[in-house]
Every structure is written in C-alpha cells, then in structure tokens.
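Two complexes, one shared chain (subunit A), two partners (subunit B, subunit C).
On to the complex of A and B.
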C-alpha cells in the first residue's frame, strides 16, 4: 500500500499521514479514517502555527484594560498625570463609573510596547470607594426553600425519601490562548486576527466598529488556542477596543488578555446549588418530588441553568424550578455542555445515595431507571471494563487506602445550523477544501480533508484545506457541538459536486455518460474498469480546475449518549483522591477521524476530573476580589494527577455525524463523586472534592 | 550606554548583580536585612562593573544554533525577547509566572520557563526553542510521536510539552510512565491531551504505548 504523506517540513522530511496506533483495540467499528494524523500536527509541534496572539506586527501598539480591583466599587477620581509621562504611552481613556465586579473595565491604556502599557497602568492613581459585595449564591439564598405541601405529603407517605443539597463552584474556561487578538486597520481595509470560536460572528460584529463593509476586511483565525465556549458571540470587548484603537492611531493594535483577566472577565461555568427532595420505594422506583436549582450568574442576567432532571432516568413526577442568582462577579458564558456537568453531579450522586438507602447496587438501580436502551448496553460493557465486580459495598473497607467505583451518564442533542463549503479539483490532481469555519483544536481542518478524500475516493495526501477565514464560504460557530454535524455532510456534498463536474469534463472528452465514471482508490473508472489515473484524469481540466459547492440548512441529527466509569483510591489519612482508571464510552454517530474523536473524549474526561477535584474560582467575601486568578491557586489537573483513561467509541450501526465535543465532559465529575461515596461511605455533595471535605465527611463516617 | 565586551562575554558573573544594579543597590541593601557585608561587596563589584540599564542594552546569545542579538531593557524576559524582538512565537505566553510550562525552552541543556528568565540572565547561553528541535528538515522523534498519537488539540501548550519531553529523553532515554508524569508535571494542557502525550513520550523513547484492557468488545 502506498504511504500517504503529509506536507513536508522545509521540503525534505515527511511523516506519514497513515500512522496507525494500536493501543486502543476496543474501538472496533469503522471510522472514515482510523490512522490519519492531524493535518496541522507538524505546524503545532514545530511552533510554526501562528495563533492570533502570535501576530506581533511591526509598528503595533499594545492595549491594556484598566479594571476594577474590587467586587463592587465606585471610581471617584483619576490622576493619570504620571501615567501620561511614561515613555511610549500613546493613549489613556478612563470613564468614571460604578463597577459591579472584579475585573470590570473602566478604560484602557495604550503603549508602543507591552512594557510601556504595563508601566502606564501601574502609574495610574485611581481612587475607589468600595461598596458592599455579595460573592456566593448562599449570600442571597440563605437556606433551602421550603418544600411544597404536595412534596411534604409525598415524602411523608413514601417508604423512603431523599432530601439533600448539592453544589458546584464556578469554573473558568482557562483557555490557554487568552481572549483578544490583533486588528490592523489600514483606512480603507483591515485585517482582524481573532482568537474566536466564530469567524463569522466576529465579521458580523466588526463592520460597524471598523467603519468598513464586510467585503473590505478579513477575519483570520487559522489557529485558536482553545475556547470551550468562552470565545463565542462576536468580537467581544477585546477586539472591539482593538479595532477602535487601530482605527484611531492608524497602527496595528494588539490586545490579548493576561491570565488574571482571563479568570475575571472572559466568562465561566456558573456555580450551582441543587435542592433535591424525592420519594422512592424499597425497590428503588422513584415516585417523584421536587428539584429546586440555583445558578450563580454573577452580574449577568441569566445563563445559570442546571439541567436536572436530565431526562435520562425515570424519576417519576418531578416538579422542577430554577432561579438565577446574581452577585458581584464576572458573568458566565457557554462552557462545554452548559448546565450539564453541574447537574449530572447532583443527579448521579443522588442516585447512588438512593441506591444505598434502598440497599441496591448503583449499577442495578441505573439498569432499572435508564429510559434508553443505549445507556443500558453501555452500562454492561463499561462495568466489565472497569472491573465493577471488584467494587466493595459503600464504606465497608477497613484499610487506609480505599477504592471506590462510580458511574456517570451524559447525553447531548445534536443540531446543525447549516453551512457552506467549496471543493476545487485542480489540473495537477490536487484538491482544495474550503470552508470558513475555525478549528479550535477539535480537528476541523483534518476532518474536512478526510470528508473530501472519502467523498471523492482519493488519498488524503492530495487534499489541502483552507479554514478560519471570513472570506471563505461561511460556516457555523464552534458551539453546541454543531461544527462537525454541519460541516462534514456539507463538505462531502461539495466534494461530490466537484467530482461530478470532473466526470462531466471526462464524459465530454470521451463521448460517454458522466454516470459511467467513478473513482476508487485514487483511480478513475469507466464502467467499473480502470480508465485513467487520478492525475491523468485531472490533467484534462482547464487551468481553473472545477469547483464544487454545497450549502446545507438547519437540521437535527439526534442525540449522542455516553456512560463513564471511574475507579479511584482515597487516602483516608490525608483526604487525597487518586483517580486510577476511567472508562469513557461515547456514541457520536459516524466517526470521521478516529484519533481526533478519541482525543475529544479523553479531553472531556480530563476537564471533568479537573472540575470535580480542583477547580474553584474563589472570591474574597469582604472585597469581592478573586483570590486565585492564576494557575498556581486555580488548580487545573496536570500530568501527575492523571488516571488511565480509555475512550470507547460506540459505533453501533449509527449513521450520520453527531455531537462529540460536549457530551464526554458531562459525566466525569459525577462519576468521581459517586466513587468517593463508595470508597468512604459518606457523600461529599459539594464540589470540588478537595481533601478537607473528604476528611470532614470521613470523620462523620467513622464517628 | 556602556557596551563592554567583557560583560557580554561573562554571562554567569554578570547577570544577577547587574540586574540588581538596575533596580538600585540601596533598595537591595534595605530589603536584604542582615547581610550588610554582602551588600558592601556587591556595591564594590558594582563599582567595577559597567552599569547596564535601565535603558535598552544589547544582549547576545545563541538561539537554535544561530547567534542572535537583541537590544532590550534589563527587565525584559527571555520570552518577550524571543517573541517580540526575534519574532519566534513558538514559545507561548500563557500564565506569565512559571506555572504552566507553555514557554519552556532549553538553556544550556536545562529546561527553563522563558517567562521567568530575564533575557539578560541568558546572556551568552545556548538556547533551544521548539522551533529549533527539527534539524536539517527532519523532525525530532518526539515531534513525530506527538503527531502520530494526536498528543495535541488546540496546540497552544504543545511547544512546551514537546520541549519538556525532549529534555526528559535527553536526561532519561527510557523513562517509566511515572518519570514521564513527573518530568511533565510543570506543564498544563487545557484540552486534555495528557494520555496521548504519555504515549508519544513512550514511543519516542522506543517503548510501547499504554495498552487498553482487552477481552471486551464494544
């Protein structure tokens, strides 16, 4: 078999596209490409990939926001005389106003170097009058709401009941590439280098600020250093200000947030508080009750929804009410499966507590309560892979290190907002796939090439991909896991269209029917027999080649499902949890690229573990400032904290490409919480599951 | 501005003292209580050494085998010198305080955070960045393994991990999984690529990747 090679580095070295990895034999279904490596892999491992934050253009100016240092404060006076004397300072603008959260911008400074801007910021003399702050949901909701009369009656008459409060903290996206980018306004045209999940939403939001028509500027995001939801929704305040400054000073304007600003003012997963009151029977049948949820949305008007009941389990007749609670903190933005990981933590741990009260194995209870057979099948496979038979009864172990097993489930509806794509077949046999949609690390560039190669029937090495530019055919924003379900069928249709046009050219020349032609393994067949090599066939084209295009509209694609199993060890002397093994079973329809699909699942699990174990935006309760706006004290799971993670792609005859980005991040923290309950025999209902909480629960358990 | 060849060619003895000098010797003395004697010696040496800064000073080092010179203020970090002044943007500015490893570079054989290293402290040093790992058009085996095992997603942390893995394999040619985790413990990836990074490090050192359990088929 011919080795398919990737573009070369400096023209001499090449690494094969066809790079099988043999260490995941469980994924036995067939993906469109099992062995392809990421197209932009070489650019990323050599440092050649240019992100928007790498666009350090000659003559650029550097912008910094001036931000409120307190949770609530009134800016009473500004003395910028010293700041204006800092060498290299070009512009200072500060608005007097009352601020409602730490990190809220009140203005900006501009310097001709990062150091000049930083020195000007330090030289500003601002007088703030602090105001009282609220920093938690529980500052407003001081106790659990009274149950309704109906619930009281139901609980009183039930054989068993469960009444508990669960909570999750604020999690920040912590994309490693900060928000912002570079705007280079040249008067009658402009280039916007954006770190965004929506190339076209930036384009649509930029025109007015730039004072240009959409055809007069280009938004470029060839590489995006993560987003996880926080880079959706247009240019944002960062690029908007950069555009204004670039236009005003007629120089490229660079505005990229620092790490503290990322934690404070670029979105987050809102905190949650879930009050559950359910009645159930001795066999685990849940008859119903009420669930009250609260979302901690900071200063935002909403977005704190908690997706419980998830609908995956039969919970009887549940009365659900939700309320968003405001306090003095930066507001949320969509974060990988908004509302789901926090809800699943409450739902799954609640189920394990109900199972314990009813004396049923949690696996058995889920078999009974799952509505969809897919989840039940996943339970059987996953429980074997994790070794569920070795699970000990809750709290029954006596050693210092105790092992726990937990289960979590997650689902996600797939949608497709519609998009556009073009495929050009060139005279030399090379093929170009074009769609403006960005690759935020999911593998969009690679999947587009695979779709094109697969649809035409040619080796991947012939395909190049252009993405992440507003001048390319418009595609969707990378949110809601819609990108692949939208762009894959669109790109395949565009490739098929280009192929049909090639066949028309061949048919005309050969005096045959276009329908007689086909492509197989890189050769053009006529009437099923070898006719021309791909290169020879393409040489019949004119210098322009042929261009295929396709547009798709709205469409739903059904749901993706997943079940995860977690095994942990807990040190009962220190309270430290050691995750050991995670089985992540995930359905996602037809898999385009096996490696990037597995990576999505592994990544979702890691973010879920990090959420469950460590992450917590902590605000000082007196002044409302975040005390850990960094990576030392806002801990993210690192290499040393890693369990063995096994992604299992569930390919049971599903067709069509479905959501994969969000669903794997839903069940993990929940499964972790269940495993802890199993290990120490007491639930820890408030994330993150830090050693102090484990020890407090443990002391309760042995008392 | 003094531009003494002696000081430029004397990286080790030069850096800390001169940096402190730029901040101000009196400030140093007042903050480091109980070491008046050391301060006096420091002061004496500062007298003999030309004053550099606070304005831009020329700094020479070797980057990826080529001589490079930047003229930057003594307070400039090596990361800023690389990114802004040499336009080598492979090393990333992520946390700016040594807690994520995204700016990892190799200085005289040792892995360092370029955001926590002053350019002036690297004077005369041999620096290797992610851009310098591929040689003569051939990728480093670590880079090939990273691509093969999909040890990257958004790719922003990747240069740091590639550099850290290279240094690990220089020090320990066949590391265990625990040694790999430990050596990469200073790096953070938000997309969650650690599993594949471990596999890449194992493969690049001629070892088998972590195997999944067998015996059950989905």
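On to the complex of A and C.
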C-alpha cells in the first residue's frame, strides 16, 4: 500500500496524513492509486486555496440583489432616496414587478464596500402588496387522483394490492461556497472568477454580456466549494449582473450570495409526491398497475420523483404519468441524480411494504424482482456485510430501542467520450497536466495527476496539474457524473502521447527505435533494460520539453449500479433514528484513486442520509417566505449522526472509468426508510423521517 | 452591520454604567458574543457600542466553577466548556454539566458563557428572520400561531409562542439557582423570577432592568440530578424537549423531586405536578415511574404542528429522573 505524504506546508513541515482504510480491506489494491491524498487538500484546509469568493480585488464594487421578501407580492412603490444618500452607494436599479417567490430579484444595489451595499439595501423603502400563496404540492393536488378503470379492475382481480402515497420534501443544494463570483472588466479584456461546474459554459455565456471575444477574456475556477448540480450551465444571474456592473463602472464587481439567498434562489431538488397502485401475487410477483408522480417545482422548471419505475425491478405493466406542480417558491436546478433519490424512496419502501403483505423477506423479493444479475450479486455481498441474518421480522421486537435493516438500489448511465487534455514533459523531468475542467470537490486535480503519473510510469510527485481555466484545453461541465469518465481516459491518452514524443527524442539521439523504450517506476528502459533515469532522459529534451495532447479518450464504460444496506436503531419513545451502519456497494469500473473514490461514495451516503432524516425547505404557509434559510433550522447531518459507512468498490475486472458522482446518493434515503419500516413495523412514507412522523406512525396513524 | 465601538470596562460596575450611557443609541453587553453576533448578522439590532464583559470576574470569582459547603458558584463569564469540564461541579450538580455538554457545538461551547446562555434571545425562526416583523420586534402578529410552529411552545397562552432556548436555565431551576447582580439596588434574583411570560412583556424574556449585569450564578449542590434532551440531530441542534431533574432519595424511593422542562414554554417550565407525583415513587418500579411522569404534559396546549412534544415531554422527564437516580442504563430499555 502506498502511503502518500502531504505537500509541505509553507516549506517547513511535512504532515503525514491518511484516512483509515483498514476497515475496508475489500477495496485494497483495486485501483491505480490506493491512498493518494488530495493534492490540494492542505491548501484547502489552510485557506491557501483561493476560491472565487475569496477574490477581493483592489477597487472592487459589491453588488447585492434586491429580493422579494414574500412568497407572492406586487412591488407597488419604491423610495430609494435614503438609499441613494448612503455613503459609498454607486448604483441602484429596481424594476416594478409582481413577484412569485421569496427571494425573487427585482433589482440591485451597488456599493464600494459590502457594508455600503448592505446599508443601501436596508435603507430602501419598498411597498409590497402581498398576494395569496401556495407553498406545497398538496395546495394544488389536494387528493390522490382516481385510479383508472384498468387499474381498478387489475387490483380487484389480484390476490393482493398496494395503494399508497409517498412524498419527499424540497432539498436545497447547500453548497459551502455560495453562488457568484467576481468579474474584472478592463475595457478590452476581462477576467471572470466563477464558482461553477462549467468553466466553458460560463465562457460561452459571457462573451455577449462582456462585449468581448472568447480570446479576450478568461474564466478562472481553480476551486469550487461544492455545486451538486446547482452551478451547471452558463454564468447565471449572479455573474451576468457582475459582468454588466463591471463593464458599466469599469471596476471589478463582486457578487456572492449569502446563505439565505443560497437557500431561496439558487435551485433545489424539487419535492415529490408519488401515488402507487400495484397489484401483486402471493409470491410477490408484481403484475402491474399505475404510478402517478407530482413534482414540486416552485415557479418554474420540471422534475420531482420522476425516475419511478426505475427499470431495475420487474413491476409488470405499469402505467406511469408525471405532472409538474407549480407554487410560490424558487425553482429547481439539477441536484445530484435529479429525480432519483425521491423516486427511489417511493420504489424501495413500496417494495418492502409489498414484501410484508406477501410475507416475503425483502431481500428475497429483490432477488426475485431485480432484472440485472449485477444487482443480485451485490445483494448477496451486501447482505453478508451488513449482517442481514440478524434482521428481525417487521415489528417483532419489543424493546424501546429497535433495530432495522433496509435495502436500496440505484443505477446510472455512462458518459460519452470527450474532453481535451495536454501533458507537457519538461526538461527538468517535471510533468504538467492541463485540462480546463473544474474540480467541484471530487478530486479532479488529484485524479488527473494520478492518470498522468500512471500512464507515463513516474511517481506522482513529479506531476503538477492545471485545471479550471478557460484558456486550458476545454473539458466537460461537471454534471451527469461525466467528469472522470471523460477526462481520465483523455488525460491518460495525452500523457501516453507525451511519453511517445519523449521516446522519439531519445530514439533519435540513441539511433534506436522509439518502440524499444518504456518507463517503469520512474526509470527509462530500452529493450526492457535500465537505460536512463527519468531525469537524465528528460534532460535530452529542448527547453520547450515535449507536449502530448488528446481530444478524446475511451469514454465511460457502461452504466453503473449500486446497492446499499442501512442498519439503524430507532428509539420508539422519542422517534429519534440513529443510523449505525451503511454498506454502499457501487460499481465503479477502473478506480483511479481508491481513497478519493471511497470519499465520493461516503459523501453520497452522507447526503442521502441527511436528505432522509433532516433536510427540508420549510415555507411559511401564509406568507410564503422560507422560515429556515440558514444552517440552524435547515438541518444537515452532523458528526454525531454519522454511521459507520463502508464503501465497497465493485470493480470486477472492468477496465473503463465509470460514473461515481451521482449514483451513491440515490439509494440511501430509500434504504433508511425501509430500515425504519422494519424496526417499527409501520411505514413512514413522508420524508424527512423526523421524530414527529416516526411517533405518529408508531401510534398507528399511518398517513 | 454598522460600525460600532467596543468598551472594555475593568469592572461589572463600570460595565453597568457604560451600557446605560445615554450618548449611545444602543449599547449592549458582549460576553461570548454568540447570540450577539447572530443578531448582528441577521440585522436584528444595530448597536453602536458593545460593552465587553467576557473576561470580568466578580470578587472571589475564578475561571472554573467552584463548589463549597453545598453551594455551587459559576462566574457569569465561565464558558459552557468549562462547566462541562469541571469534575467538582459534575460531582456536586451533574445536571448542570449534562445540560451544557451537548449544547450547540464544541466551538460554540468554548466561547458561550453561563450568563449568556441564560439570557440569550429565543431561536424562533420568525424572530430570527429580519423579514418577519413579529410581536417581539414591534409587529402585530405572531406568525407561528397560524404558521410553522413545529418547534414552538406547548405551554402558555401566547400571544408569543417562543420556547426558552437555554439548557442551563432548567438545570439551574431544579437547583434553586440565583443570579447575582450589580447595577441596581437588588443584589440577586432567583432563577424562578428571572424570566417572564410573553403576556408580561413580549419584547423581552427576562426581568433585568437596564444596567443590571449578571456577575455570577449560585445554586444548591444536587448530587442526584440529571438532564435529558431529545434532539432531532445529535450534533449542533436545539432540543425538541429537555428535562432537568434533581432528586432526594431514600434507597430507591423518591422523597423529594425538582423537575423543570426546557423547549416547551416561553420560560423554563417548572413542573410542580410531576414533583408531587414523584414523591414516594420507587425509581426501580418502571410502571410507577412512568405513571408519575405522565402528568408532565397535563395542561399542554399544542399548536397545529407540535403535538408530538406532548408525547416527548413525559419521556424526557422520566429519562432525566432515571439519570438523576443513577440508572442511566435503563433510559432506553
């Protein structure tokens, strides 16, 4: 096992650091690199890494949006006389309009300091006429739609049937780094410091706003403090406004949302309401029925728990319809596996309820219903690791604390080949990897270095990586879990190209054939025998070194699958759920870095548990304003809520790089819901699974 | 947030004088600064002077809590972390240590002070959101009454439905806590009279006069005492319901009980009916204990979304009794 040492901190000390992986022996040796720590980890935790929101440029102006404080209101009058007198105020622009959600912008103020902008905002006198609001799917869809005649007939004729409604709340992305950035327009050129999942889509959307050609400005996004889908697409309203103001005032313009604005107006995972009516046989064979999904999309967009039926299970002939339901709230944006965690919660808990009605173990039912053998194999491995044999029958326990076991499954598609990369081998033996794609926190900088080092055959310490700039070779936006599946093979191809060019130089000088050369463990071999050290070989290069490039690699290798098992304890007197153990099996293809891959899976599980247990955008039902636009009452899983999470990398001889970003967050909340059902014997069909709902179910008032 | 000045007086008496100086439009005391910073960030107050009392110690006061002759003394500026770390205090009045050891986060506990914890403003999400001009801020509506009230009060008749946020307050209540003051003719005020219900003044929660500053807190030792909080999240969350209990026992039989609940009412909510019901109860008799604790929720008037708290309160009380009686292992059995 390779144990890396952290880069030196201020050149003075070397801190060894390592994530304990001894509890995951199953993953050892299944990757190009087992234990490399993030190359930028120390920079991030010490603050040396400069995020876009850290770019406080000399002479900058600061922008704040003026936003609607209510769920629905008409802006009737604006008195900005006091605001304009605030020292340091540079610009105020407000449009009269009718607003449809809390946080909807109606204009902006600009100040020469954050305080000046904030004071101007506070000094504005806006007169709003409040309008009636809707805040939930159930404000419009007050009851489940009538089943079709066909469904009625099917259910009446079946041995058993299931008719239930499931729901999930709105989850906000809650990225640590808010949306926005800094635009520095200098007349004939500009620099855009963006917090984005798409460096190149920001570039493509910025030209017109800046009035510049792509060659005249640069988008820089070296670090991103999370995005989870909400930072996909073009510049967004934040950077667009910052660009306009910078151009107008000829000063750097800073616009970064605060936490409340993040919750209100930078997207979310839409809520879902799922009506399931299925007929099934006594042996658990599901013969079909209907599923109606409703997505709580706020003022715009589409989505919700759309991805049911998932296609993973044989559910017979299911008639499926989806409807987006609008109400007075900020609209959705893509959120880590859009439509899947909500749908999976309904699908898996529905399966457990059907298993209970048929008197079949939920594990057995899934063995029966899974279409793909990979899932069945994962079931066998996972059930052993979680200790499924210790599972008690639903509701059979008598103690105050009851244990529950649950299963969830998830799947994801593959990525198309693409992306561009360059690798430069320098005369001094150092190697530089370049690709413009940003690192949204998944370890792009680290994996690019590993791909380069592995492809050439040199130690990781020789490689530096440049990412997150629009002047580098273009790469994909980080959405749909495509970043690694596209950039990794491309970077490996670019590194192989650079190595081949080095061999040509060596061959020419030695009068040999380039094909005779190879690199192993940092030494250059000729005909399989030691020829030169890496450093000596590179010294044969000209000052330019050699540059390899690739415009596409092998691409992603097929769809990915995952099965998760969750074990919880439930306090039946308080309704509090204590997650204890999660087994997260995830197909991943060829693993670039074991530690990074495991972290990605663990992160998905944490986000899924947090979704299942706590997260909830709560809008005041009368005013339509969010009552918890903060991290105090928008609750997110904390350290004491963390179970023991064991990621299992399902490698199994696959050679390509598979999606690993989204899939691990799909099954967790569902498995949690199933575990709760197992523990207390009654289903809680409405997330988040908070103590009030657990107690209500416990007392028999099942919704 | 506007610019402000910071005064660092040398004594509590000086702090009292400065904080009432009329030349400032709003002068406020700053101890740990936790609640103060929350208010500043949300734009709820705009003081022009902060009077820093963080490091002041009244005559005879030390950093860590002191115990002598059956009396516990905690300085106003003692941090929650220091309270939780004091072995002497944990022996003398475990309820105090248990009340603060899981409050907020380690970082907050290292800064938050004893007096600040008692006098912190409520966490009601309408009060804390500058967009809602609620009763506490001079408005005419309690938005919780007809709105989102899952974390609000189940006792009291309004007009404001906050719950008192302090964990330390109910713990001190069951130990007959007293806050000691400078800045007025009165030198001390029992915990039981420190807070008032909203109908006695909705804009504040306590009965301190302008210029009155808490210097230290005393309470009786209560070696058989315990605290139990039910929280949604086990990290950095406010209790849904909390209970503090102090017992006198003859063997396993309760001869005297003091019980106070947190997070259920606008003030720390003393439960004399439970105290009465617990008298003579054998803590080893689970059914009898359960029955005695069941009266805890008598008289509760839940709002639309918080009926669950009515169920949680007797559970929290019973578990606090078990912890106080040294029977922690039975809490979840």
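Definition applied: the second predicted complex is superposed on the first by the 669 of 703 C-alpha atoms of A that agree within 3 Å, B and C clash if a C-alpha of one lies under 4 Å from a C-alpha of the other, contacts with A are read in each partner's own complex, and residues count from 1 in each chain.
As a working rule, contacts are C-beta pairs under 8 Å (C-beta built on N, C-alpha and C of every residue); 3 or more make two chains touch, one makes a residue touch a chain.
Note that the structure is a prediction, hence the values are computed from the model and not measured.
Taking subunit B and subunit C in turn and counting the residues of subunit A each one touches, the greater count comes from B. When both complexes are overlaid on chain A, the residue A:638 reaches subunit B and subunit C alike. Of the two partner chains, neither subunit B nor subunit C is touched by A:125. Applying the stated contact rule after C-alpha superposition, one finds that A:622 touches subunit C and leaves subunit B untouched.
Look at A:115: by the touch rule set out above, it reaches both subunit B and subunit C. In the superposed model, A:520 makes contact with neither subunit B nor subunit C.
In the overlay built on the shared chain, the residue A:40 is in contact with subunit B alone; subunit C does not reach it.
Shared-chain residue A:573: touches subunit C; no touch with subunit B.
Contact with subunit C, but none with subunit B, is seen for A:690 once the two complexes are overlaid on the shared chain. Residues common to the contacts of subunit A with subunit B and with subunit C across the two structures: 115, 630, 632, 638-640. In the complex of the two chains, the subunit C residues touching subunit A come out as 1-3, 43, 123, 125-126, 128-129, 131-132, 143, 146-148, 150-151, 230-237, 240, 305-306, 308, 311-312, 315, 332-333.
Contact residues of subunit A toward subunit B in the complex are 6, 8-13, 15, 19, 21-29, 37-38, 40-51, 53-54, 56, 113-115, 174-178, 223-226, 228, 258-259, 381, 384-385, 440-443, 585, 595-596, 598-599, 602-607, 630-632, 636, 638-640, 642, 644-646, 648-651.
By the touch criterion stated above, subunit A contacts subunit C in their complex at residues 69-70, 115, 118-119, 122, 399-401, 571, 573-576, 578, 613-614, 618, 620-623, 625, 627-630, 632-633, 635, 637-641, 690-692, 695-696. Listing the residues of subunit B that touch subunit A in their complex gives 73, 75-76, 80, 83-84, 87-97, 99-100, 102, 129-131, 133-134, 136-139, 142-144, 146-150, 152-159, 162, 180-182, 184-185, 187-199, 208-214, 216-218.
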